[in-house]
Amino acid sequence: MAGCCHRLRLDDSARDDARQRLRSVRGHVDGILRMLDQEDTYCVDVLKQVKAVQGALDRVGGLVLRAHLRDHVTTANERGDVEEMVEELMEVLKYR
Amino acid sequence: MAGCCHRLRLDDSARDDARQRLRSVRGHVDGILRMLDQEDTYCVDVLKQVKAVQGALDRVGGLVLRAHLRDHVTTANERGDVEEMVEELMEVLKYR
Amino acid sequence: MAGCCHRLRLDDSARDDARQRLRSVRGHVDGILRMLDQEDTYCVDVLKQVKAVQGALDRVGGLVLRAHLRDHVTTANERGDVEEMVEELMEVLKYR
Amino acid sequence: MAGCCHRLRLDDSARDDARQRLRSVRGHVDGILRMLDQEDTYCVDVLKQVKAVQGALDRVGGLVLRAHLRDHVTTANERGDVEEMVEELMEVLKYR
């Protein structure tokens, strides 16, 4: 994995933003768990909440991806790890 | 929303299965939060974990959807709420 | 496959709508092929066109799905093929 | 758009591969059109074919994306258009 040997790490502001959003994702998951404890919970309401959490996770993925493109992928040619960076990214982008 | 007036509710076994999976999703989100606390966390590792959580949520959505189709959609014609059930489902399925 | 023995067929108006949209998809694909013949075609422009065609196909899928839900899935309980209809639909919905 | 002023263009081998796949996509779309002309065509069969075409388009998108990452994004820092390249890519990747 390219990152470890090149000391490539996730940028601090993207890290804080991701942390904040993931905490709200966790709260949202707890909310769905509470829904499931209610006797008359309706399936479609649960489906809508699951989708909302997935949307929030998409946004976490988006901000981490942006930081990665900006800090690591756009400098790959200078570092000499183009092939590795491209294949790694193609793998993680599959079925996002 | 069709469910509330018709007393349509999520089936118990799907409910338990969803509960269990959501608890593991929450644990997984905590794992990503711990990753973000590590100084040298690499972006692509975070992206992979976010995708894994989304996959787990897909499976939660899948089992709730299956219960909903089986228990509520396939009997809509007899209940007389075909149009409502179809539109509600089309909305929640939009680009799952 | 449930459809063949039960004489379940795609409704005419959905069929016409799908036909029309698919013809425009074909024209759109031809447009991308022409783009590829231009010497200085830029990758991102091709990617945008491919995504536009996928969006159009999503809409074709959406209108066929709606017709299927309305005409076949909501009457499955009366026909007695609930399990088959649900599993068939879950399969085709996976990663739409 | 970054590409035009910097003379960034889609690499020839990716271009040929994309061309070939798009021709087979067109043939596949024609196949679905023929399906729609058959009186007893079943909805789920049409849905499966639409999904197959979308999968083929995913692969066209994937090979163009790979060429773009390798030829243009990984050299953005040296060219000085990092911000533009990253935003352009984030836009086109949005829920691929």
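Odds and ends about this structure:
Going by the order they are written in, the chains are A, B, C and D; count residues from 1 in each one.
Here is the rule we go by: a contact is a pair of C-beta atoms (placed from the backbone, for glycine too) under 8 Å apart; a residue touches a chain by one contact, two chains touch by 3 or more.
Being a predicted model, the structure only gives us computed values, none of them experimental.
For the copy pair chain B and chain D, the superposing rotation over Cα atoms measures out at 180 degrees to the nearest 5.
With centres defined as mean CA coordinates, chain D is found 29 Å away from chain B. If you average the CA atoms of chain A and of chain B, the two centres end up 18 Å from each other. Remark: chain B and chain C have CA centroids separated by 23 Å (rounded to whole angstrom).
Under the contact definition stated at the top, the residues of chain D that touch 2 or more other chains are 65, 89, 95-96. If you draw each protein chain as a dot and join the dots that touch, you get one closed loop, with every dot joined to exactly two others. Shown are all chain pairs that touch, namely A-B, A-D, B-C, C-D. The touching residues of chain A, when paired with chain D in their complex, are 58, 62, 65-66, 69-70, 73-78, 82-83, 85-86, 89-90, 93-94, 96. Taken together, the chain B residues at the contact with chain A in this complex read 1-4, 7-10, 14-15, 18-19, 22-23, 25-26, 29-30, 32-33, 36, 39-48, 50-51, 53-54, 57-58, 60-61, 64-65, 67-68, 71-72, 88-89, 92, 96.
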